[in-house]
Each structure stands twice: as C-alpha cells, then as structure tokens.
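Going by the order they are written in, the chains are A, B and C; count residues from 1 in each one.
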Amino acid sequence: MKLVVYILKRLGLMLISLFMIVTITFFLMRSIPGDPLSHMARSLPEQTRANFMARYGLDQPLFNQYLIYLRNLAQGDLGESLAFPGRSVTETIGRTSPVSAQGGGIALAIGLVIGTVLGIIAALFRNRLPDYIVMIIAILGVTVPVFVIAPLLQLVFAVRLGWLPTFGWGTPRHMVMPVMVMAFLPIATYARYMKSSMLDTLGQDYILTAQSKGVSETNVILKHALRNSLLPAITILSGSIVGIFTGAFVVESIFSIPGIGTHFVTSIHNNDYTMIMGTTVFFAVLFVVMQFVVDFIYVLVDPRIKLMHETH
Amino acid sequence: MEHLLNVRDLAVSFHTHAGEVKAVRGINFHLDKNETLAFVGESGCGKTVTAKTILRLLKPPFVEIGAESSIEFQGQDVIKMSKKNLQKYRGKDVSMIFQDPMTSLNPTMTCGKQIMESVLLHVTKNKKEAYDIALDTLKMVQIPDPEKRMKQYPHELSGGMRQRIMIAIALSCKPSILIADEPTTALDVTIQAQVIDLLRELKTATKAAVILVTHDLGVVANFADRIQVMYAGKIVERGTAQDIFYKSRHPYTWALLNSVPKLAKERKQALYSLRGTPPDLILPLEHCPFAARCQYCMPICKEVFPEETVIDGQHSVHCFLTHPNAPAVTPLYQMEVSS
Amino acid sequence: MMKSDIPKEKFEIIGADESQQELIGRARVSYMKDAWRRLKENKTAMAALVVLCFLILMCIIGPMISGHSFEEINPAHRNQPPSSEHWFGTDRLGRDLFTRVWTGGRVSIIIGVSAALIAAVVGILYGGICAYFGGMVDVIMMRILEIFASVPSLIYVVIFSIVLGNANLTTILVALCVAAWVGPARLVRGQMLQIRNQEFVLAAQALGVSSFKIILKHMVPNTLSVVIVAITFAVPGFIFTEAFLSFIGLGVQPPNTSWGALVAMAQSEFMFFPYQMFFPAIMIALTMLSFTLFGDGLRDALDPRLRK
C-alpha cells in the first residue's frame, strides 16, 4: 500500500517537473530574436515564406502555438524538422536513439563492473600499489576529456596499428573504440565512489562485530562490506547515465556514429529548432524517468528504507 | 591453578600525527572460569582498548601491541595466533558485545542470518540445525516473538531488542569468555537494568566467564566478582567487589564510588563530581597519572609511579598513601557516608 | 615491598593541583592552522598547486613572450610543427600556437573560475535563504530547485547558449551558471541545517550566545570549508563544459579562442597534425587534474573528522 502511494506521488511530481521543463524550453526557444527562417539565412519569396510559417504553425499567436505543442506532445508528436521539411522529429529520435542506447548501454555496463571492481581493489589495498594505480586511472578518467582520449585512441589503434576502423558503426569492430572511450568516465566515477564507500563501510561497527564472530577477512568483505557499500552506489547511477548521453554528443561526432548525439550536434549547427527542442524534451523525459527507476530500485533493494515494511 | 585467560605486560599504543598515544601501559590480569571481572574507569582510560585487544580486533599499522605483551588463552598466545586459529578463537572461545547496538548490527542482513552466521562457522554446517540453535538462543535472551525476529532487519527493532540480538550472537556458540564492552551505555535507563539482569542470568545459565567493561560502578555492583579500576592505561586498584566497594584504598576509586548516585542518601546532597580530566595519553607519565587531580597528592606522587602494594588476598593498589611513611587519611568515600 | 628510603617530607599532602589538571600533551592548534599543516603535508596537493600557479603565470605572461600576436595570420607558415620560431607550431592559418594556447588558457581559466564563483555565490544565497527561513519558503524554493535539478545541466547550457546567441564571455558564463547553482545551494542548505541541529550550536544557544554570533562563529566557518572544496571541484567541470560547448560550435567565437576551441579546431586535422591538438589538450587535462587533486587535498585538510 505504502509502495503504491509512493509510486503515485513520485509519478505526480515527475509529471509536474516534465510540464515545467517543456514550458520553459518552449518559451525559451521562441524567445530567440528573429524567426527560424532568418537564422537559416534563406531568402525566400513572401508566399513561400508564409506557407512555411503556416506549415509549422508559426503564424499563430504564441500561446496557441504552445497549446498545440502540448497537445501534439501528449500524442508523442514532437513536430517536424525545420532543416529537413517532411522529416518527423519523433521518428528521427526513434531511429537514432537505439544506436546510442546500444553503444552507451554496453559502455555503461562495462564501466560499472570494471569501476566497481577497481574501487573495491583500491579500498582493500589502501595506500599500497594497486590503490595508487586505480586512483591514477580514476583521476585520469575524470580529468581527461573524451575529445582528447578519442582522437588519441584513433591515432594509436586505427592509424598507427591499423587494428580497428577509424570511423563508422555497425560491426563489433566499429564499437570497440567508442565503447572504450565512453566507458572511461563511469570506470573512473565508480572506482572513486566505490573506494570511499567501501572504506566508509569497513569503518562501521558491524564490521567489527563480524570480525569478533570469527568471520574470515574474505567473508567480512563479501558478506558484510560489499552489499552495504554497493547499495549507495546505485544512487549515482542516474548521473552516470546522463554522463554517457552527454559524452555521446562528442564521441558519436568524432567516430561518425549515427546516434542521437551526432544528430543533436548537427541540429545545433543547422539551427533546426524543432529538432533541438524535441531532442531536449526527449533527454529530459529520459533523465527524469531514469531517476525515478533508479530511486525505485534503491528502495527495493535496501531494507533500511522502511517503505515496504511495516514500521513500529 | 591454570587461569582461563592470562594477560601479561599488555601495552597498546596508537600512532597519530601528534605522536604515539600509549592507551594501555603494561597491565597484568587473569580471568578464571565462571567468574565476572569488571574493568572500571573514565572514558579514555584504556579499558575498551584492552577488551578489543583480547580479540585482536585492533589492526596494525596504526595500532601497536608491545613486544613483551602476551595474552594466553588455554595455553595459546592470542597475540601470536595465526589468522586461521584467530578465526576459530573469535566467536567460539571468546565473543564480544559492543557498546552501541544501533551500529553494531549489519543493517542489510536479517537478525536471524547474523546469529546463524556464527553458528555455521563454529558449531554446525547444517543450516536447519543452525536455524534451530539461533532460535533457541533468541528464546534464551528472552526476546518476544523470536520466530518473527529471525526474519526482521535490525532497523525494525528497538535499541533494547537489538542489544538482545547482539547478546544472542555472542552467546550462540557457547563461548568460554564473554566480553561486554559498555553493554548498557547506549540504552535507555529503564532498559539498562533489564539488560544487566539478563546478562547475569545468562552468565549463570551458560557458565561463561564475563569481562565487563564499564564506567558505571552501579552496573558492576551486583554482577562482578572482581573489579579492576583503570586510570590512564594502568590498573590502579584491584580486588574483589567487596574490597573495592567497602575497603578501597585508592583516591581515584573513592572518587568513582562517590559519583554513583545513592537513593538512600539525603536527597538534597549534591552528587560528587571529580574535577579535571584524565591526562593526555601522549605524555610519558612517569609519575602517578592521577596526581594532578588527587586531593591527597604528595610530592613523591609527582616523581615516580607507586609500586603495587598488596593489601590482603587479592586486593592490591598502586598508591603512595599505603606507604608506611605516608600520613593516615580519612577516605573521601567513608567521610561522605558518615556525614 | 616499597622502597622505604624515601624521605619523609615527600609524604606531605599538598592536594590537587588545579593548574595541572588540564595539561594537554599536544600543542593546541587552530582549525585553519591545522588544515594548512595537513595540506602542506599532502605532496600531491602541493604539486598540483605548483602546477596551477605555473599554468596561471604562463597564461598571464605567455602571450607576451612569444613575439607573435594570437590573431596574426601568416600564410607562409601554415601547419608548421614546433620549432624555435613557433614553440608549439602553427595552425592551419599560420597562427602561432604557443600564443594561442596561453591566450585560450586565459579564457578557459577565467570562465572556469568565474563560473564556479558565481554558482557558489548564488548557491550560498539560495541555500542560505532556504535554511534561514525554513518552513513554506524552504518547501517552495526546494521544489523549484528540484525541477531545475531534474534535467541534466548540460541541456540547459546548450539551450541557453542557443537562445543567447553570439557567444561571448558573458553569454557563456550565463549559460554555464543557469543550472550550476543547484549543487552548491543544496550543499549549503544541507550543511546549515545540519550545523543548526548540532549539539554545539544548541549549547551555544543555551549559553545565551546571540544568533548573529552563532552564524558568524559556527555556521560560516563550517559551511565555508565545504563551499571552498566544492568550488575547487567545480572549476574543472566548467572548463570541461566550456570546451564541450566550443567543440559543438557554441563556445567562444573566432578570432577569440579557448582551449576547447583550439582542440575542436585541431580535431579535424588530428590525423595529420597531432601536435596542434596535443598542446591545448594537455593544458586542459593538466588544469583539470591539478584542480581535482588540489581539491582532494583541500577536502582532506578541511575535514575536521580527520583531525587527530
């Protein structure tokens, strides 16, 4: 019962957030001085121009445009591309996002696993060689931007060694470098987070209790420390997902991957406002939903959150 | 007679930025089967460090145990024990209850599993049997609704109940020694008495020897057979409970006794409080560490640490007041009683 | 058992010596002094600080010592590798990269540091108001903040960069700070609420210390240390975001430049002239690395829980 109330409450808040985001984005985009056509630097005859404005509903009063946008949005229609008339924004996102999700998903999974393992190793070998190595990797991962790592890998693996294709998408060989680049950040984030989380857990009183029971060092870590230090790591998952997507803007452009990141950057160059706005709304929805899912998982797996249990 | 536990020259120090903090400074004591030995003293006097060292729970490199120190349990030196033997010794031979039941239980493991973990390590490999033993132990610690508690997580229980779970974990493998480190300090006053009563009953039932660590002489009164008073890492007075409560000779013990509230006394009398704080354990402290706070301090007290004087039987004290040349003084404690 | 050759006068009761009771073995050190000592002991943090000082110094004097202007186009010297004439080589228009790297560094570092400071100030005000007034004000302001926080900040940055158009230092700073105050605001509010409920503040109140003094003596120093650490960690983030904006074409516009813009420009010709990218990239990495490591050291030094 409590769980249902919690979910409904969170869903309600989520919808309010989304509504605000859409509203703010809409009026911001419309507040750009001049109309979209002038930015596209096309000189058109007056009649064509009027047709164009009518086609995109730009001849309507601003508030009507807003209502129409909301109504279409509710039906999943994000409008039509300004740069490429006839191309639906929803359809374009539907076509490009699976590509990004595939690469990003693999990178995230690899990053989480490697990062977590490295973080635990660093904590267990604190102030010894493995700790230093892991922390160097982690610091580099956080501080060296992707647009530096990516060309470096291209230079080494594609140009000099010729092992992997420089650009493109489709085969597993194409995926190796982009995934490596994208996994670097989550590896670094999780290694750092897991190390401090693990050290924090190892300093807790219940670890002492476990040791006083005669539990072996390995089992103290596996049965008592690991679970308790992994749980809070779930909370930074939504941040990592966003990191993967924003990283994708750059990584996809560099590797010419036909994902949503490349597409977003292209629409910025083309001043394709409906596309930019549609993609922004899509990202916002994605992020808000992800946050909800992650919080929900956290509630499910951590018994300390008293939602599901009757309380005293 | 062979003692169950025999501790010789135990010295423990911590390495910090400011230097070496000598928390325990060469203490000797023993524990026999079936007896309750209490360590009493203010916070920071080294009593908890002593207790944890018996289980080797303090880890290098920040903690150092003196080279001369030995902790003998049934002929084995705990300090030199291998990792494997140490794991068999912890929980099975000696187990421990910690101060704060709110933080000493694993929050993501059910209470039942936490008790069974010990049993599976030391008593049986059979899960069903382990469950039964855990349940029996829960019944023994008089927890209401034990089957339900087995499935619950620590955060679902009250502080008193959690401490009962801790006691159940500690007693589940029938250890020869139970160390209780301030077992009631973190609990409500009403629960404190219950837990102490329970510990006393269980001690009789399980025939375990108990080391009770506390700053509260009131807790010790009807429980301990022998009491050792610690101050600044040293045992300053030891004796049977009778000796300490009625015939104590050390001014620090007098001060501790005076700070216990007594119902029988005139209500209006203010509770005694000892002024000042214990010395910083980073100091070398070659003299009597209590000298600065002692009403009976003499010049000699600031020069050397007094050797042990046996009063009678098991009662002994480190204090220059017992020296033949020292003036006779009226103990603070008895003075207050007579007034 | 006891030595009986001790002279009698040694056994004269002199009583407790109050002046000796509080004798403390270690020297008392103030919080800031202790923090500074720990920071100085941290070799990594000190090395990072030295590198940062060097980078900032080079950004100030670098463009003056090369003998070239950052805008000076020399068609005869296109895409030259590093030489005694052009220490970092030249770009595809024949501009001296040494000068451009340090000119770009000025922009990158100024943007990074100012954005972090602006975000921190706005955050302190917002979070401080929430914590100070509490009640309905707090609830409403936190709701607004949550809406801001529910969208990745990079999205705001991109949208605002597009909306504000013609990128210059001001518009980039505005875009970067639109959502960046959220983190510091949360931090400050949390920290202040936590301190308010702590025993030493209650004790101070009970002793009759005025609330102004409590804020000045307890709230400000405790919150400030957290904010200083947050600022240090935020700077590399902003430098990265600015570089990202330049990379997707929304950053500093030519002929002005920044490290991000230099990297973006070099990226297309990276296969042929890797050195064009190497220098600005290494500067970004070095700056971010130094700020992060220095921030780590600062955090450890200011964390009173580690005080021994």
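Everything below uses one rule, namely that a contact is a pair of C-beta atoms (placed from the backbone, for glycine too) under 8 Å apart; a residue touches a chain by one contact, two chains touch by 3 or more.
From a predicted model like this one, the values you see are computed outputs, not experimental measurements.
Q: Can you check which chain pair, A-C or A-B, has more C-beta pairs in contact?
A: Top pair by contacting C-beta pairs is A-C.
Q: In terms of CA centres, which chain lies closest to the overall middle?
A: The chain sitting closest to the overall C-alpha centre is C.
Q: So, what's the distance in Å between the C-alpha centres of subunit C and subunit B?
A: 48
Q: Just how far, in Å, is the C-alpha centre of subunit C from the one of subunit A?
A: Measuring from centre to centre gives 24 Å for this pair.
Q: Taking each chain's centre as the mean of its CA atoms, how far is subunit A from subunit B in angstrom?
A: Taking the average C-alpha coordinate of subunit A and of subunit B, the gap between them is 54 Å.
Q: In their complex, what parts of subunit B are in touch with subunit A?
A: For this pair, the touching residues of subunit B are 55, 57, 83, 86-92, 95-96, 98, 100, 103-109, 117-118, 121-122, 153, 155-156, 158, 166, 169.
Q: Write out the stretch or stretches of subunit A touching subunit C in their complex.
A: 13, 16-17, 20-21, 25, 28-29, 31-33, 139-140, 142-145, 147-148, 151, 154-155, 159, 242, 245-246, 249-250, 253-254, 265, 268-269, 276, 280, 283-284, 287-288, 291
Q: List the residues on subunit A that touch subunit B in their complex, please.
A: 204-206, 208-217, 223-224, 227-228, 231, 302-304, 306, 309, 311-312
Q: Spell out the residues on subunit B that touch subunit C in their complex, using ranges where they run on.
A: Subunit B residues touching subunit C: 16-19, 275-277, 279-283, 291-300, 303, 306-310, 320, 322-327, 329.
Q: Taking the complex as given, what residues does subunit C use to touch subunit A?
A: Its residues touching subunit A are 146-147, 150-152, 154-155, 158-160, 162-163, 165, 236, 240, 243-244, 247-250, 263-264, 267, 270-271, 274, 277, 281, 284-285, 288-289, 292-293.
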